[in-house]
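We call the chains A, B and C, going by the order they appear; numbering starts again at 1 in every chain.
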Amino acid sequence: MHKATIDVETRGRGLYDLTRDLSREIRHSGVSDGLALVFVRHTSASLVIQENADPQVQVDLLDFFERLVPENDPHYTHRSEGPDDMPAHIRTALTSSSEVIPVGDGRLALGTWQALYLFEHRRAPHRRRIDLRVMGE
Amino acid sequence: MHKATIDVETRGRGLYDLTRDLSREIRHSGVSDGLALVFVRHTSASLVIQENADPQVQVDLLDFFERLVPENDPHYTHRSEGPDDMPAHIRTALTSSSEVIPVGDGRLALGTWQALYLFEHRRAPHRRRIDLRVMGE
Amino acid sequence: MHKATIDVETRGRGLYDLTRDLSREIRHSGVSDGLALVFVRHTSASLVIQENADPQVQVDLLDFFERLVPENDPHYTHRSEGPDDMPAHIRTALTSSSEVIPVGDGRLALGTWQALYLFEHRRAPHRRRIDLRVMGE
């Protein structure tokens, strides 16, 4: 069992690619076949596995979530932490706080077009802590 | 490997905090570092990791899902189990049937503001069975 | 640790039941108690655990996602792979690329009304590769 944390300094809303950091930790783990758990210790940032080829996919994904869960929706009652906080919680619930990815032959077994991203939902810069576990044999 | 179930008696729609029950099972497991799998054995209740500080977050989250997936949508054809059943299945698909959370130093490694909730989507009381596995060393 | 892949030939949008294939691999694994990780190696198909009883649930679920994330939304800028590609990426983000399901007494520990489905989001037939890991004792 290999245990690690990754700290990411975000610069506002967007997707931050974690694939390289996670691949490095899998090499460090010495695990050949098993699984990697990735967990975000926050409620206004989440994880998403998405296409890594055309950067317009990320633009459209962000835009979709901004329209689906708008800021300044008059229904929100939780406003004390700013107009982007409640949308951040809802967008986190609609995506994932954790992802579990297979490890095979000592490597992260993502598909060719997949990357793992931290999805930052807040406008201001944040330090985000991501917890890892790599298990197997 | 530690195996357990948690039964929750729900009293209609809402979030039910599972964090204390899950923490207790991790202590019972004797696992110091590893992971905990939490799994809901139902298709009209789900799991969500959310902020545990301001109760208004829960109010707004519930309200969002009621507006995004309304009851009495004329498009639904599955109506035999009541007007709140099809929305419950869709809300389950939009959140998660399972969550995997790291275990570290013998404890559930949630962030400071995170709690794990059972998200009950039906109006009537239900007994919900949640399956746990704690693995590691 | 048991490792396997399942290949599914999809015939356009819809849910494809993986429960039988997954149950077979759990029998092959020899694991009595533990967990099964199921992972889709694509960004325009995903996983969902849903009711297996009334087929109308699947009809309504597909219809909901087609309305929530429509094709031909003028906001999309990623159009090079066809009008159904960007909606496929968004619908994948709203559901899951991975599911982790308990194994108990040598069997997949789903609830009575639960089945695991591959959720194909593209219109054309695709060969989808699904990666499995079964771990435990």
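Structural remarks
FYI, contacts are C-beta pairs under 8 Å (C-beta built on N, C-alpha and C of every residue); 3 or more make two chains touch, one makes a residue touch a chain.
Computed from a predicted structure; not experimentally measured.
Fitting chain A to chain C on CA positions gives a rotation angle of 120°, reported to the nearest 5. Counting the residue numbers that touch the partner chain, chain B and chain C have less than half of them in common. Centroids built from CA atoms put chain C at 20 Å from chain B.
Contact of a single residue of chain C with at least two other chains is seen at positions 68, 94, 96, 100, 135. For chain C in complex with chain B, the residues that touch the partner chain are 33-35, 48-51, 54, 56-57, 59-61, 63-64, 67-68, 94-96, 99-102, 104, 109-114, 135-137. For chain B in complex with chain C, the residues that touch the partner chain are 1, 3, 37, 39-43, 68-69, 75-78, 80, 86, 89-90, 92-94, 96-98, 100, 129, 131-133, 135.
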